[in-house]
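Shared between the two complexes below is chain A, which has chain B as its partner in the first and chain C in the second.
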Partner chain A sequence: MSAPARTASRTGASLETRFRATARSEWVKFRSVRSGPAVLLSTAVVLLAGAWLICHGYRDGWATMSPAGRASFDPVFMSLRAIEGAQLFVGALGVITVTGEYTSGLIRGTFIATPQRAQVIALKAVIFAAVVWAWCTLLSFAAFFLGQAALSSPAKHVAIGAPGVLTAVFGGGLYLTAVGLLGLFTGVLLRRTTGALAALFGILLVLPEALGLLPGTLSQHLAEFLPDNGGEEIFHLLHGGLHGGEYTLGPWPGFAVDAAWVAAAAAAAFVLVRRRDA
Partner chain B sequence: MSETLPVTTASPGRPAGPPARLRARAALSAEWIKLRSLRSMLVTPALAAVFCIGLGSAVCSNYVHSWPAASAATKAAFDPLDTNLNFLVIGVLFFGVLGALVVTNEYGHGLIAATLAATPQRGLILAAKTALLTLFALVLSTVIISAVFLSGEGILAGGHLPHVTLAGPGVPGRVLGAICYLTAASLIGLFIGVIARSGAVAMTSVLGVFLVLGTLLDNLPHSDVWRHTVPYVPSNLGDALWLSHPGTSSLASPAVAAAGLAAWVFVLGAAAACSLRLRDA
Partner chain C sequence: MIEARKLRKVYGRTVAVDGIDFQVKPGHVTGFLGPNGAGKSTTMRMILGLDLPTSGTVTVDGRRYQGTVWPLHEVGALLDARAMHPGRSAYNHLWALAAANGIARRRVAEVLDQVGLTSVARKRVGGFSLGMSQRLGIAGALLGDPGTLLFDEPVNGLDPDGILWIRTLMRSLAAEGRTVLVSSHLMSEMALTADHLLVIGRGRLLADTPLAELIARKSGERVVVRAADPGRLAADLRVAAARVTTEPDGTLSVLGLESRQIGELAAGRGHVLYQLRDVTVSLEEAYFRLTGESVEFRAPAPVAA
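Right after this comes the complex of A and B.
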């Protein structure tokens, strides 16, 4: 009943120790997501094979392209375009990182061990983002170099030192990380794999496609404020008029749209995870 | 042995089960119960209907509004049925996912272990699932396509735009093609689900096959390699069934597309049957 003992039992472990413990347990769980390595490997295959196939396709067909088509050809975007396919894998990984824990019931153990739920979700997101960002940035560079090698003359190609290129190639990794985080927070919000995947892919892929079917400029302006179309601008080299007026925001404002979606999902996830039952 | 026990038509030393007809009927009714008690069999069709009919009508009424300001080239290129049915680019995703969920939900809940124990003839299970899903998807797609056709063409007619009726030349074939495409998509989804055994993998694959693959490949320059490969991707074969074919079309002809799509369904079905028989639950 001595005073120091009482304070110790009330405050528990120090903040630093608690963070380190949570980080370690979140790392073990992320590492042991059963489909994790397969998904990350599929991401690599899609990105690299896609870069090679698409750039080779353009190189072979370069002679048949119209002058306008050649002028609006974006060599950086085309070498990174397979991101549109790879985002399915990264987004799904983000979802199952969380929903796997909910469906197996492990989440109850997690929240009993660490009642600071916001801390659990925050560290989960940080660890996920760090791994995915490192891997996807590496792949983004690899896809860029592979694509530029395939786009030999006379097809248009660029060097990594050209203005704006480095931003775009780094942007590929950033975009995929943002998609993964959007999936992760959607998983926290919906707690079920199927529902979360449907919601994520609905926002990411179906909504832009649906708006694209509608004629008129209003739907085009709206489409630019979706995470997919906005975020993709960061790995475009050409913006605005050269691209048929489709992408007008520019790399960083476009990515900011994407980041705002992720931030909104994160805010909702942090509020709800503390209020709801596991 | 077979002389003394004429009942034993199966392999020697194993008692014969019930006759095949009864077994098939039992498998069918078991699959039917599972199909109609799945919550996603209510939610997904309802979402599909609302989304498809809404989008199909929205696209048509949008054209009515923008028609006075449209250029002569836009007006010349306008095809009422293409515009009316282009929601299919997205609608097909609902059917693919629906097919996948029929089987992946069973894996997700662990029910598949009981199913396989009750009916060790795994091929029969897949056949029963395929038959019932075909029927279900045919009915659902017929309802959705009819509703979109009636509302969309009605909106176009009301706006005094070019429109078609079911009696128009080539119209019944393309409407039927759309119904077949959606049904085939649900079967492809089912077979992907059997091979994937997980809802996440199956849904991702369905979206990849029907949406992303086309987005990535369609706009590449149409070189010789392109002309011999890309039109035979499932989504492009399906689109060839309902789109009009203008002179510059790079799509396969409807007859080739129908055969190609059937070939995809058949090959994936065979792969699904093999993987169901060879692998653990």
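Right after this comes the complex of A and C.
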């Protein structure tokens, strides 16, 4: 009514200032709870410990490995393999970033302050993706170097400058970011933590297994179009026949499959969040 | 000013709000009164753009809430005091809301001070009592210094000090010329706080009236008489077509005649009266007469033994 605050910010009601205000609010929310740092720290432990243990195991077993086994051994993938576990942490963080707000009822306060709901979800996703991408890319590099050091001689190992390696190591961070975003948008769609976690883990873990029960090569072709299998292509160095002959898409087309899943979940989330009662 | 026109909300088969029209005017505390499930919260959520009306419109200062760019400067609301992230501090909870509407940090400190939470500003809200959460929710409503304020059941769970504080706050906000809408199912609270009442039952508006008028209209129907000879007076009153009940102490409770008529009748027949007064109906009684037909989940009347 009387305070200067009222007129001061109403004058600058351009789209850009509105976006900036929403982004700042979402950033304050992201960094002011402990779950974010806690989960990201757990991700680091899983990735680094995983790289060290898996690669050590292969170096110790290298002498007894068959020539075929040695040929299909992917040193980059093995140093990043713990991503398959870490993705559950990152995906869960994506889920609770949204469902924490829905289950506490805070989402109403958020939408009262910012009725532009799609904008809230979009900027929440952007901030989440930026933080997770930066952190997970850093961890991906750390896991790579740790893994290569653990492999060393006599096992096969590669330098960061070797062809395709940089793509794969960057790919580790990208893949985890995509899984996190898939979790975030699943959270918007289902609004409840348990339901969204079940759906996300179902897509990441159960669906590939279920497809494996289908007869013949059908399962293999379909499986490539799951976010898990398709997306993981990007942090492999060897593709197609070279690592067991399973998947043939290659790094970027594989990641495109992953991105398409995220985009589909995002599209559904944006439509629903505007239509639904909050 | 809040204005609803033919506002209706249907969830599945349940009609929560059934085409209501009302205006909430500035400068008064308007009480939104009705039993649980009457449609108060649904209406408030529609005012705030959280639930979309099935049909009809509701506007604040002539605008739909969803179209507002910086809504906290126009409308402040307390819906559910527990709707906060338990791990976030009181300060950060308010700072996130303030940041979303371009409100300065110093304003966060101001409202924390206003509601008396400065000393616990850095504490996590998960450890707050309900009363503290209510205060924090009110601080959030005051952040943007809005011209319109909505409070949904603000005194729930508060101690007497807290209730008095909220009552005083709401009255002073209205005195500053703001529009204040307070919902409650507690009539005693509304009687002390509100100037104007919207009474709602089963999604329909049952009354839209100044509080004093509602009570006045429902009063004066019953008259209490104490007389030297209540038995004879009762008989005389019944002859005059009044309905009379006699209390154990001999007091007569009369329906169907005004106190003036009773006085004249008593004088004509030579009765000695000790007392003759109109019974002022409490808001509670007025309210029950209005909502008697519209209570959604009513306990069956106890069977007389």
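Just so it is clear, the second predicted complex is superposed on the first by the 262 of 278 C-alpha atoms of A that agree within 3 Å, B and C clash if a C-alpha of one lies under 4 Å from a C-alpha of the other, contacts with A are read in each partner's own complex, and residues count from 1 in each chain.
Following the convention adopted for this analysis, a contact is a pair of C-beta atoms (placed from the backbone, for glycine too) under 8 Å apart; a residue touches a chain by one contact, two chains touch by 3 or more.
Model, not experiment: these values are computed from the prediction.
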item: Partner chain in contact with A:109 - chain B first, chain C second, else both or neither; value: second
item: First (chain B), second (chain C), both or neither touched by A:35; value: both
item: Touched partner set for A:45, first chain B, second chain C, both or neither; value: neither
item: Touched partner set for A:138, first chain B, second chain C, both or neither; value: neither
item: Touching partner for A:25 - first (chain B), second (chain C), both, neither; value: second
item: Partner chain(s) touched by A:101 [first = chain B, second = chain C, both, neither]; value: second
item: First, second, both or neither for A:149, with chain B first and chain C second; value: neither
item: Which superposed partner A:267 touches (first chain B, second chain C, both, neither); value: neither
item: Shared chain A surface residues [contacts with chain B and with chain C]; value: 35
item: In the complex, chain C residues that touch chain A; value: 45, 48-52, 65-73, 75, 77, 79-80, 82-89, 92, 95-97, 99-104, 107, 140, 144-147, 176-178
item: Complex contact set, residues of chain B against chain A; value: 40, 55, 58-59, 62-63, 65-66, 86-87, 89-90, 93, 97, 101, 105, 108, 198-201, 203-204, 207-208, 211-213, 215-217, 220-223, 225-226
item: Footprint of chain B on chain A - complex, ascending; value: 35, 50, 54, 57-58, 60-62, 64-65, 81-82, 84-85, 88-89, 92, 95-96, 103, 193-194, 197-198, 201, 205-206, 209-210, 213-216, 219
item: Touch list for chain A against partner chain C, complex; value: 1-3, 5-6, 8-10, 12-13, 17-18, 21-22, 24-26, 28-29, 32-35, 100-101, 104-106, 108-115, 275, 277-278
